[in-house]
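The same subunit A turns up in both complexes below, where it pairs with subunit B and then with subunit C.
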Partner chain A sequence: MTKNLLEIEDLKVRFKTEDGYISTVNGVSFSVKQGETLAIVGESGSGKSVTSLALMGILPANGEIYDGKVTFEDKNLRTLSKKEYRKIRGNEISMIFQEPMTALNPVFNIGYQLRETLILHYDMTKEQANKKGIEMLETVGIPDADKVMGRFPHQLSGGMRQRVMIAMALSCNPKLLIADEPTTALDVTIQAQILTLMRNIKEKSNTSTIIITHDLGVVAELADRVIVMYAGEVVEEAPIYELFENPLHPYTKGLMASIPKVHDVVDELYSIEGTVPNPSNMPSGCKFYPRCPLGNIECTKIHPPLEYISADHAKRCIKV
Partner chain B sequence: MKYFLKSLLKTIPVLFLITLIVFLLVRVTGDPVSLMLPETATAEERDSLRESLGFNEPLPVQYFTYLGNLVQGDFGDSFRYNTDALSLILERLPATLELAIASMVIAVIISVPLGILSAVKRNSFFDLFITGGAVLGKAMPNFWLGIMLILLLSVTFQVFPVSGRGTLWHLVLPALTLGTGIAAEMTRLIRSSMLEILGQDFIRTARSKGLGEAIIVNKHAFRNALIPVVTIMALQTSTLIGGTLITETVFAWPGLGQLLVQSVNLRDMAVVQAATFIIAIFVILSNLSADLIYRFLDPRIKYD
Partner chain C sequence: MNVIEKNIIMEVEDLKKHFDISKGFIKKVNSKVRAVDGLNFQVYKGETLGIVGESGCGKSTTGQLMLGLLDATEGHIYFQDRDLAEMTQEELRLARRDLQVIFQDPYSSLNPRMTVEELIGEPLIVHGIAKGEELKKQVLDLMNLVGLQKHQMTRFPHEFSGGQRQRIGIARALALKPKVIVCDEAVSALDVSIQAQILNLLKKLQKELDLTYIFIAHGLPAVRHISDRIGVMYLGKMVEMADRDEIFHHPLHPYTHALLDSVPIPDPRLRKEHLLIEGEIPSPTNPPSGCAFHPRCPFATEHCKKVTPEYREILPEHYVACHYPLVDKDTDVLPHSSDKA
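This part shows the complex of A and B:
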């Protein structure tokens, strides 16, 4: 059995607002093995992005981890000093963001932004960093890499910028790569290219990846294992084939049913009724109950625990 | 460079328009001759003076004579000082520029660190103190602040001279008086500009790279936040050159503002026209330099 690179236990994140604290991640636990790709799936507001920002240690100023344990390579990340954390960030754990349009600094050229990480973590000279930067751009399939180094973000297309982001995130050979909706903001054809690129990277390197997405197509393409999040909790966890073959939680089933299928022509696409509950006003008992087709009075009384029905398949539902 | 030349060419019609407006304005404000001669002067005497100064010609003729002289560098003579207007102005210009630059330097030295810190520590006691101080700095009238500074630092503690121009010490109080108001405005602007930038996605990216907070704030954020600040700096510089009459009066600073107002009161046409023309050139130049600085700061701006 391969070792766990990252282990998150009972992670809780809250935000300070004018009406007091609002908890958006409520006891999330999962682990990522060496070389594994884990997908975190859920709607907007399910807490998947907040979880990733929390483990990078870059929550917004009003957010904080208030409980739980984050262990990366036997280091407890929560007890690290700011300086020690910075040495890991961008170096051992790096991140790709959703919006390539705004994630790069508009007033610095691509070369500067690529070199910066290398000079910071590897103590390279400008020339060395430049060489490595060009190499990284070539790795992610950017033609005329040496010319692109001198360009500014606004001179590149969305797909190109996302490639630059990926090159930047991979430049220090991270052990863990977090990709937060890496294809959401891109055109479909570009999405496919970026997914192919990410799969190639996965095959070539032993980097573990966490892919955060609401797109089950992306999950099927890249993931080894999936956790489904709802309202700040994990509601189902399973290996990729198991999840697509045998989804258990009604929410997961709902997500699967929402994927349009070419063969079954239907008048209306399936959708899960309602929206994710507001963190300041969570239903008691099961949080999915108000939207659940199986829910009954029993579900309002107990908050279901995450139950393992086999070694690697878990669900948070008392009805299935 | 091509853009710069083009902009310079574009300013020519602006300058012409300014000469026309000022030319007309000084002529509708009253008859200079009535101020130049004693009250006992006869109508004939007035008329002959008017004739000799060329005021009896039709306005268009007068204007084109004026323009014709202007392009040859002749701004006309001052009625009051009996010397040519341009040399009067050039005599005053160094004092004005000196004060303007010193005020701007003081404003930048105060506002940049305070604005940045205020944004980084937003809603803290420090931030509250600085934003409150900025409101106060903006609200204090210059003449009052100037007099207070004189009372405190010149009269009571005798650190700086009361008035006049000469040494570097003479410059401190007037520059501080003018710089305070500008610093207040720039502090607020830098704060709000920084706050906006610090919330951007690329700041999160910079954090995710493991960069230290100092580099994120001073490099990644500040370079972006500077863009609107440069606009205000350019505007303020042109205001400073255009005349800081009140401060100049309080400190008996021999600048352009003082000369301009005196000349308006005395209907010293040539001086008013020349001074406005020179000020207009400086306003245009400071706007042009702002344009050039933008280009350096923000690669997204392209001129052609």
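This part shows the complex of A and C:
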């Protein structure tokens, strides 16, 4: 049994708004093992991105973790000071964002931005950092790496910018890499390049990865284990093959059935009726109940617990 | 749709659209973006023609040209055998009733200060089709058609979710009883469960109202689901066009083959190495010589660098622009049903 690198227990995140607090992550628990790739899947408003921002310690100013435990290598991240957090962020845990154009600083060249992390965390000299930076760019498949060091983000294409982001995130050899929709903004042939790159990185290093996505295709390509989120909660957790072969929660099933398949054309797609509930107006009982084909009166009364049906497969539903 | 009567409703002939890039104080034109660079195809009545391609391939510009929203630099667009460019203002105004569009982002394409009733009723008022009670009745019928509730009539766009807003956009497009609808990335911004609702709605409406769709998108699974025929664009040119299943099972152009192979399949049992194509899409300002795909093509020869391949029908209803089409090769990127144990 490999050790857990990260453990999240009953995480709750809320945002302060004009109408009081709105809770968008409502008791999320999961763990990530050494070297493992965990995918968090969900649609807009499921709380998947907020969860990742919370554990990076970069929630927006009006957001806060108000309950739960975040343990990274036996350290409780919630009790860290800002300064201590900064030592971990970018060094031991790093992150790749969806849109590298907004994540990269437009007024500094790539070299400066790559060196910055290395100088900060490793106390390197500029020359050392430069050498390491070029090496990192080469690792992620950027041709003419030394020239790219002098370029600015706007001079690179979307795929190249995403490679730079990955190089930057990996430059300090993080133990945990969080990738939030890393390929969503990219064209499909470029997406295939980045997914292949991420798969190669995974094979070569022992970095654990959390990949956050709405695309079950990306999940199927990269993940070892998957958690499915809906309305701020985990509704299902399973190893990758188990999840695709034996999905249990009606939401997971619906999600899988509603993707148009390239290899299996049907006349009418299955669709989940209705929309994701608003966090300020959550249904009582099961949160998926209003859209669920199996839901009945019982589901409005009980808030179903996350129940393990085997060692590694859990579901939050009383009907299945 | 196996029994399409092949009545041509629209036809595009040698269509080109070049945008000038001017720099400096005197706005001297110093380069051109060849957004659309010589397209030839037909759209059959009642079909869905999918147009796919990556950023910068000119698919959206093609859509705007076909709607008469942009003027072509060269070439012709025929709608019901009439050239859009030769129409008078009045004729064009009438043609536009028949040619409607659904945009990607229903938030930025709907006026935030207008209610649903006003939004859906606006085209009817502008074209002087209905007013008063009749207007209200028609708006209600349209809302009903796209699955919106009567009580939502007085609400504003921000009160709706993305999927619901797209329904408002569709109702607006349907208001003038169009014949052709250009769906420009109409489901790309939606979550998968909502995307399925909208794709089903579009299919239902097509049957009921005898619509022709031009479905422009980069999301291949959705395009495969809805289209009867699919055209693949690369750097302003159509590189391949054929029946949907033909495109997916026997792509003949190396670009189509690689594009289809790049789509991640949502099944971990089918994990595979992708057929990667090197490099990035070149800029349409300065496209490569000869075949525009040659710098990234694994089969390119000297000939490809010099001579632009002709877009021609090499199998019945299967058009390709390639000197060395992948005929007689197994290019089927899709798993066969036997692969799934």
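In the analysis below, the second predicted complex is superposed on the first by the 316 of 320 C-alpha atoms of A that agree within 3 Å, B and C clash if a C-alpha of one lies under 4 Å from a C-alpha of the other, contacts with A are read in each partner's own complex, and residues count from 1 in each chain.
Keep in mind that, in the parts below, a residue touches a chain if its C-beta (ideal position, glycine included) is under 8 Å from a C-beta of that chain, and two chains touch if they have at least 3 such contacts.
Since we're looking at a predicted model, the values are computed, not measured.
Taken together in the superposed arrangement on subunit A, subunit B and subunit C fit without clashing. The partner that reaches more residues of subunit A, of the two candidates subunit B and subunit C, is C.
By the touch criterion defined above, A:Asp215 reaches subunit C but does not reach subunit B.
Of the two partner chains placed by the overlay, neither subunit B nor subunit C lies in contact with A:Thr300.
Of the two partner chains, subunit C is the only one touched by A:Leu195; subunit B is not. By the touch criterion defined above, A:Asp187 lies against subunit C but remains apart from subunit B after alignment on the C-alpha atoms of chain A. With both structures placed on the common chain, the touch criterion links A:Pro260 to subunit C but leaves subunit B unconnected.
Taking the two complexes aligned on chain A, the least Cα distance separating subunit B from subunit C is 7 Å. Taken together, the subunit C residues at the contact with subunit A in this complex read 54-55, 161-164, 191-197, 199-200, 203, 218, 220-222, 224-225, 244-245, 248, 258-271, 273-274, 276-277, 280-281, 334-335.
Subunit B contributes residues 200-202, 204-212, 220, 223-224, 297-300 to its touches with subunit A in the complex.
For subunit A in complex with subunit B, the touching residues are 53, 56, 58, 86-91, 94-95, 97, 99, 102-109, 116-117, 120-121, 152, 154, 165, 168. Contacts from subunit A toward subunit C in the complex involve residues 43-44, 157-160, 187-193, 195-196, 214-221, 223, 240-241, 244, 254-256, 258-263, 265-273, 275-276.
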